[in-house]
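Note sheet for the following structure.
Each chain gets a letter, A, B, C and D, in the order it is written, and its residues are counted from 1.
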Amino acid sequence: MELKEKAFKSVSRKAHPEDTVIDIGGGVKFGGGNFTVIAGPCSVESEEQIVGIAKSVKKSGARALRGGAFKPRSSPYAFQGLKALGMDYLLEAKRETGLPIVTEILNIAHLSLFRDVDVIQVGARNMQNFELLKELGKTDKPILLKRGLANTLQELMMSAEYIMSEGNARVILCERGIRTFEGVTRNTLDLSCIPIIKEATHLPVIVDPSHSTGIARLVAPMSYASMAAGADGLIIEVHNDPENALCDGDQSILPAEFDFITQKLKMMAGLFDKKL
Amino acid sequence: MELKEKAFKSVSRKAHPEDTVIDIGGGVKFGGGNFTVIAGPCSVESEEQIVGIAKSVKKSGARALRGGAFKPRSSPYAFQGLKALGMDYLLEAKRETGLPIVTEILNIAHLSLFRDVDVIQVGARNMQNFELLKELGKTDKPILLKRGLANTLQELMMSAEYIMSEGNARVILCERGIRTFEGVTRNTLDLSCIPIIKEATHLPVIVDPSHSTGIARLVAPMSYASMAAGADGLIIEVHNDPENALCDGDQSILPAEFDFITQKLKMMAGLFDKKL
Amino acid sequence: MELKEKAFKSVSRKAHPEDTVIDIGGGVKFGGGNFTVIAGPCSVESEEQIVGIAKSVKKSGARALRGGAFKPRSSPYAFQGLKALGMDYLLEAKRETGLPIVTEILNIAHLSLFRDVDVIQVGARNMQNFELLKELGKTDKPILLKRGLANTLQELMMSAEYIMSEGNARVILCERGIRTFEGVTRNTLDLSCIPIIKEATHLPVIVDPSHSTGIARLVAPMSYASMAAGADGLIIEVHNDPENALCDGDQSILPAEFDFITQKLKMMAGLFDKKL
Amino acid sequence: MELKEKAFKSVSRKAHPEDTVIDIGGGVKFGGGNFTVIAGPCSVESEEQIVGIAKSVKKSGARALRGGAFKPRSSPYAFQGLKALGMDYLLEAKRETGLPIVTEILNIAHLSLFRDVDVIQVGARNMQNFELLKELGKTDKPILLKRGLANTLQELMMSAEYIMSEGNARVILCERGIRTFEGVTRNTLDLSCIPIIKEATHLPVIVDPSHSTGIARLVAPMSYASMAAGADGLIIEVHNDPENALCDGDQSILPAEFDFITQKLKMMAGLFDKKL
């Protein structure tokens, strides 16, 4: 089954044959031959935690810091994030390290809290929250749009189209696994989608090896495989103390392992024409 | 794999052994042995259309009118609904027929437009839009919560828990098909979820045979099968002119076929201890 | 996505507009308005067990006896069936009750053991074992062909075509659940496939509510839903002592529950134009 | 969900901590740090075709030749392979190039035709044809066991256990994509299974980037990603004239592209501690 490319007006590579390069500030770019790694904890837990991890991942080569202040959780009784306080801590980490900040929005009403955020993330569960997408399309912030667990590539690109149709052309796509019958991994990472997306659109596409697999020891091989498949970067969960993480500890790697991974990615980069 | 029932505080049948009966006004109830049929077009297209269909489906036994004023569409370039005007037409249909109105909300900012709506629908794509669920939990409106295309029953019930945890106990669940490899039907209707939900929770659960299959001629058999599986009702797309419908014409049935279906459901009802 | 009906030469209803009625002996027929129930244990465990269950299910209205002598098990270390001895016990049950026998073949080399069997079952795992299908196509036995866990309806009908293309026109199709992300049920029973199959082919199609759900207390509602969806019959696991069954006890119902189900199916039959 | 490793007696890495190295003859080995590439057409079409492709892929670095003589096809009316004649042509290609032969068995009755074959392939559709697996377990041939389209990793390893439990310890596993809702690729290649399999078992595991994606231009990136994910090799479809191939032309690459891929894999090999 072919993609219906005629449905993509702004997203299509036919409309824009060159790679879109998205500059998120601080000299950090996505697309155009860059391989850009975002790292950080699932959720911001304290100022000390986020600043400490930020310093560590920066040293290893991360170019942006992730961390959730607003957390979408299946249960209303689970930890929902530090919210505004978490945003303050993230911005403190940015001040101390210079790393641009990537964090998730759940509600357009929170937009004013994202003024100093560098990339606004739309999570998998909101990939077809079209009202949110349209509002984000009116901002001037780069948007990291994650593929929903049951969404086709066609739908992922149509959701990017929602953002672009409102005027915001800075969309970074992210593959993070789809739901299948296989239960050993949390989701099934669909790496063959990477060359398809790169062919069909001019937007950068990155991979989340942490949420897709849900298993820390798969992060390294899936990171290498993502570069080999043609991805433009990664978003990796790194935690200083995964066993006591407030969420998703099972999939978080330690700073030392993150360092090992980035060193190996640097060795691979030349072979895959990537700047890292 | 068993449901993790401990995670359900308010939703669990253990917390509330009796069926919850939800009175949506006009003497129309869901749960407690009622089999309640909602019918109407995918989207409101004109006053004449919606009033005409409302009169027709009422005559056949529908107890509530559905119709989309705000439409979530994969493409930003597809018809997005008549919005506020569509709401006016729906309310006109309510005035003329007395049928309670069921219509979908996409954005909590639109809530004021739903003042005279009887049941607010949360579509499959928003099943894990937790911010929306929390806000709806603060209203006093019955909520029709549709299962997401890739969501487990555990997650469906946790989303109901989000609404109930904010104080709104009037949640109607809806099975509308899940995404699988089988492409002949639009989705795969998961009828075996019905007895599982009825066992695990006290909330009513209905079935959408139109969106789940995407094929008009499957609506009749899947409606009968839904009652036989133990559902508390149906939500069916009926259109006076499916071939020219502005959306989802392929799955809409004509008023005459709807009449045939409700007659047969009435004949079945006694066998399944349902009031229709 | 439409079925590619041109690919079906013998299976297609276009080739043969009337329902095929398959007489398996003893006056028992599938198709043509009959609703035919096969019942029995997952596997034959002893002569006493199979004869006892046969007598009981016959009294309740079962028209054929199922029971596995050769069992396909995921593990080589699990019980593999009583094999030839199991066949002897099945035939003894047939002698004592007159019920035709339905049992699974795993290897064409065992065919001589199936001489007195009335229906040869091809299990889900062998649905695309084309070599087996071709050989069975050369026999004069009715074949019960179960849908594979990841097979499309198109493929199910093509597998029936393999049997028919060799000359054996007596194929009964069976839906028994497909693999999806939902893990509360063992598989997801795809009841919307029933009207599609009935439309596309002239062959009878039955449902297995036991293997599809894997949960005994879902067998009753899914049996009723199957008739309502238009199926031509059922194959149900019944065991006198499910807790000590050598396989699949979780999904086996007791004879008393089977009796309750068949009574209710008889009450439904008139409404659905079925003879039971 | 963890693998149930206790179920694996012979397959488990706990039973055999070292990698199993499988020597298929001609100095060609799988496992133990080797990265071994099998290449060739989907089906053997003529002596000239198979000998020509064999010479070409050997020059590019393929270590074994694939080619189907017996073809499992969804339709009984599709080309079923050249059968015994195809075997002759394969053996001629072996004589002329020295490349070991990998070809699929559909029926144990054909075993005598496989006397001079070096690796017997069990296709995805037969992964749970336990009778075939048991018979192959009694031979002394290396077995290439492909994962079924809806089979879990647990089941794949249990099927290897079937072969090993009969005495044949030379099993090579192969990931070739699973069935999901995403239809742009033929199947979804599950690369995160590779590190899981390598951890749980001592057997080599290779990847089929051709059948999994069904798209020729995805073969290169998925080949690189497979090595990066930790696979022990690849099986790639190469055809001299894909547009006129008797089967699966859409996924076959030309010899020149195969040469490009193997050159790049050689450049990657050092980074991933592989001998190629």
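As a working rule, a residue touches a chain if its C-beta (ideal position, glycine included) is under 8 Å from a C-beta of that chain, and two chains touch if they have at least 3 such contacts.
Computed from a predicted structure; not experimentally measured.
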| item | value |
| --- | --- |
| Third chains touching both chain D and chain A | B, C |
| Comparison of A-B and B-D (more C-beta pairs in contact) | A-B |
| Rounded Å distance, chain A centre to chain B centre (Cα mean) | 34 |
| CA centroid of chain B to CA centroid of chain D, Å | 48 |
| Where chain A touches two or more other chains, by residue | 150, 154, 178-181, 183 |
| In the complex, chain A residues that touch chain C | 179-181, 183 |
| Chain D to chain A touching residues, read off their complex | 1-3, 150, 152-154, 178, 180-185, 188-196, 199, 212-213, 215, 217-218, 221-222, 224-230, 264, 267-268, 271-272 |
| List of chain D residues in touch with chain C within their complex | 7, 9, 72-77, 106-107, 109, 125-126, 128-131, 134, 148-150, 154-155, 158-159, 161-162, 165, 178-179 |
